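Each in structure tokens, the structures are laid out below.
In what comes next, chain A is part of two complexes: it sits with chain B in the first one and with chain C in the second one.
Then we have the complex of A and B:
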């Protein structure tokens, strides 16, 4: 009876992803750093910290389900952050202009990646690798290699200081009596949006079909090229949202922001149980993966584990989680 | 017509020949000195500032022309750049090397070919260069430690947000700081690597805040780290914590002190202006010291407007 309960719970990817999260949370309860793990602020901070990665993971899930990969999202975070800081701090644009403009930049870059890979048939790894380099270059070009901050350079080389824009303050704010970061709310909104698209919309079914067998999908009348371009565009859009949140939390646009974020986001997707081969997975799984890595990171941080130990432990745990997922499938 | 052309050609050849030999050149000759500047990586704001300092200092002297090269954090690319500068016969080479071992030999060859070499920030092995200009991270860390000890009256609970502890600057800013607070009752209650990155500093500071109800001061190995910690404390509604950083770039640390975000920052000088000064001395034929250790300045509320306070 007990055995069969576990067996059925672990039969689904969701059950296994949930088990991984549960194990990490138990580890947190054991290594609670003098009770710090039980404070509500710790959980709020964990969710805030994981949110930017989580937004990237949402977009990447769409792409991975369709059998592709998106390496450009980390650089798009930097590009969107620099654009947001330039527009909001230096040019004093109101938020209703900054937000759409930022999202448009990200979506445009994603569309280009999608077009290169879907229409020009360049492998997604190469196409998005190129976009990763290109977007980083654009971010550095737009910012002149410096962080775009509230210290604005005058023509004579001195600096004057401007206020942090209201948009940034609003995003880096908290709700529910200070117990939930706005960034996390935005992340949950992204999750809901991606879930609706993937599970409740025809486009989502197209992506699963393409990821399962692209040729079969094409022969059964799925608009393969358009659906794939839309997946990369959506990934770019989510990356731009993440970039906006990054800029708001740093109160500046850093052209070096987000480097390596794509790998963390991919790890989150894979730990959740979405297959890198495409055709299998979902946003719910990604949410579990985001929480697992987010909490793992937080537990290592509150215990002040030295950097070397953190990297080793994180590596081992990712492999262990992925192995569990694979064993369950066969 | 043709004769005129030949005479121009001849005079150009004469001039060129004269340039090659004259060392030091005759003062009457209005010649332009070309300086090759090989920067290891322009991804860091501090290094962007270094190039900016060199550009600004050289702009004061019309006889100097600086050619900048960015090695994009690639040792072999930087080596190729040094070799290019040698074959294009620059009058002087300034290099801020990515790492010592692989770049020592290419620079030595340039030096042996008669090109004066100024090494900035990171040292090379051996002595095949004209002058090394750099700052002492340990000294800066110690100065920060002493400032903190004085500010806290010799006791308090401090969080240390470290740069990369696998990097020499990170190690030196750490050991120097510990020397600076040695013998006081200051206790480092939490320390973590933030990899020089602001988001990471914010994350680690949040952990420190959830673990400790009382923190007096945060010492971060760079200003973005201190700024990240400040944002974390502010978001948590924790007042009364002091924040100290290092680097004091005009648009970062200095700006933060002026905006009352940081309580102090310590300059890690780029040496850009000093490199141009030294280059001018070399061109005039003066002897220059083999090593110049740059002094640091502290900037706090009271001294920031006056351009900081030099530290011994």
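Then we have the complex of A and C:
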């Protein structure tokens, strides 16, 4: 009886991803750091901290399902953050100009990576690696290599402080009586959007088909090049949303922000059970992966595990999770 | 060299049954047979690739049993496969001595290796810069490099599997001269070919396999072409399957001087100057042996090679040119590819997803998918196919070969095709599924669909086709009406003997 329950729970990728999350939560309940784990604030912070990564993971899921990879998203966070800070703080643009402009920058960069890999047939690893370096360069260029903060330099070299823009304050805010961060709401909105695209739109089906068997997809009339470019463009769009949130939370645009974020986001996608080979996976799985890694990190940190140990443990747990995912697939 | 009583099974299928084969020093022994007769399997046993078989191998009177290609090499057996096994970016010398690199304390002795490589190439009358990467040389030279490699391994039995398929006439001449000299050196050459002309030119003896069984061995002089073909076809065709009734309508598609350059305009076209037509409700069978170019012809007219085609195509008397499969699909042309797992299906997706992939656009107006409509559409196209599966949500990869093929067919029926291109529709599926597909062909033609059919199975070609065009090296060598078609003349045309009705 008991055995068959486990067996059926482990039969689907979703079951396995859910189980991994459950194990992490049980671990949190046991090592609850004198009850800290049971406070609502802990969960609010966990979700808030995981949200920026989660937005990246949504975009990367689209790309990975199509059989590609996107390494550029971390740099795009920095580029979008710098752009947002520049526009909102220094140029005093209103939010309805800042938001579309920022998202356009990210989408454009994503489109370029998509074009390089789909039309010019450069391997996605290389194409997006180039975009990762290029976007980091653009971020530094736009910011002059320094953080774009509320301390604005006067023409005589001295600084004066300006107010944090309303847009940033709105994003770095809490709702539901202070129990939910706005970034988490934005993240959940991204999840819904990516889910609609992947599970309910024709384009999503095309991405699965391309990731599963590109040649069969092409011979079945799937517009392979266009579908792929759109996937990378969407990934750039989600990265720009993440960059905007990052800027709002830090109240500045840091050209060094987001480095290494792409790897955390990929780990979240993979731990959820989306195959790096393409063709299998989904946004629901990615959501589970985001929560798993988010909670894992939080539980280790409230138990005051030093960073060194945290990284080692996280690495081991990712491999373990991926191994169980693969075993279920034979 | 002698092989006796070779039997080989793949799962429940017996591909070779009690086959005998013998090669003498200093002879060219041609191994002939239709596609799927078991030639390649026999060679793979000799080469140590398949080591689980019944029967025995003798070399110079001693029983041997190679368990790996390496062991076969050590015994003096070298196989030159159709797809060459050289490593493109590595140098000629490195390739010749791959796995046997002369070295001292782990370091390669470059000079020694180069000298030795030159020595063996010179035996073939070839002067090459052996430090150049192999990929810089033309295919013909690469073939000679493979032979040099075989010689350097002291091979006494050299197997060549259709070595001339990628060569032009002067290169073939060079190869044949070389074969003569290898004969004089006392090598035993086993030569697989589909070309009658080559058998006449170089064979000392010929052995024919058919359906995995040994038919006979005779000296080439005693085996004139008609008799050879009779040996190859030989089986009693009988009325295995009911013949189709004819439903001929107006002309649906016509090709005029159509060429397909599947590997670029600089190399030989896979199909050259093909002119043919097919009528509504008609099945035009395309006969031919491996490398005939029939598959490439279908892919080319379907738009799979982009702009790499020349010539004209008319669909219902309107000139069309497809440069992407999507355009062909929109015009009502469907192509069932010859390899369902590699190019036909997305194995990781469900039956519904696969069955609706080609016709997804009309099923998802405005871009948003309608899962319920997709399921209904898949139910409609798969219902007559009686798929053996628990649910249409199952992954296609979990289905049997026959059921997979049915899903691939369902995908194309979904677009309501006017012209159906079928490339080996019954490859690797069981007899029951085969019969079902034959019945559907009957139904489709009755519904007015025009069909171009490629099949390597002679009985299938003869029963299903209303007319048969035979291709040899990309050209149509003969066309038969269904009353005049017979296995012998089809095979003769497929082996390059040009004749017209």
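We adopt the following convention: the second predicted complex is superposed on the first by the 330 of 330 C-alpha atoms of A that agree within 3 Å, B and C clash if a C-alpha of one lies under 4 Å from a C-alpha of the other, contacts with A are read in each partner's own complex, and residues count from 1 in each chain.
FYI, contacts are C-beta pairs under 8 Å (C-beta built on N, C-alpha and C of every residue); 3 or more make two chains touch, one makes a residue touch a chain.
Everything numeric in this text was worked out from a predicted model, so none of it was measured.
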| item | value |
| --- | --- |
| Side-by-side fit of chain B and chain C on chain A, or clash | fit |
| Which of chain B and chain C A:201 touches, first, second, both or neither | second |
| First (chain B), second (chain C), both or neither touched by A:324 | neither |
| Touched partner set for A:220, first chain B, second chain C, both or neither | second |
| First (chain B), second (chain C), both or neither touched by A:235 | neither |
| Comparison of chain B and chain C by chain A residues contacted | B |
| First (chain B), second (chain C), both or neither touched by A:302 | first |
| Contacts of A:45 with chain B and chain C, given as first, second, both or neither | first |
| Chain B versus chain C as contact partner of A:66, first or second or both or neither | neither |
| Following superposition on chain A: angle at chain A, chain B versus chain C, Cα, nearest 10° | 120 |
| First, second, both or neither for A:153, with chain B first and chain C second | first |
| Shortest span in Å between Cα atoms of chain B and of chain C, once chain A is used as the common reference | 30 |
| Chain B and chain C footprints on chain A, overlapping residues | none |
| Of chain A, residues touching chain B in the complex | 33-34, 36, 39, 41-42, 45, 49, 140, 145-147, 149-151, 153, 157, 159, 161, 172, 174, 178, 246, 249-251, 254, 256-257, 297-298, 301-302, 304, 306-307 |
| Residues of chain B touching chain A in the complex | 42-43, 45, 48, 56, 164-166, 190-193, 195, 198-199, 202-204, 206-207, 209-211, 224, 228, 231, 235-237, 250-252, 254-255, 258-259 |
| Complex contact set, residues of chain A against chain C | 200-206, 208-209, 211-213, 215-223, 279-280 |
| Interface residues, chain C side, partner chain A - complex | 302, 304, 325-326, 328-330, 335, 337, 342-349, 353, 357-358, 360-361, 364, 367-369, 411 |
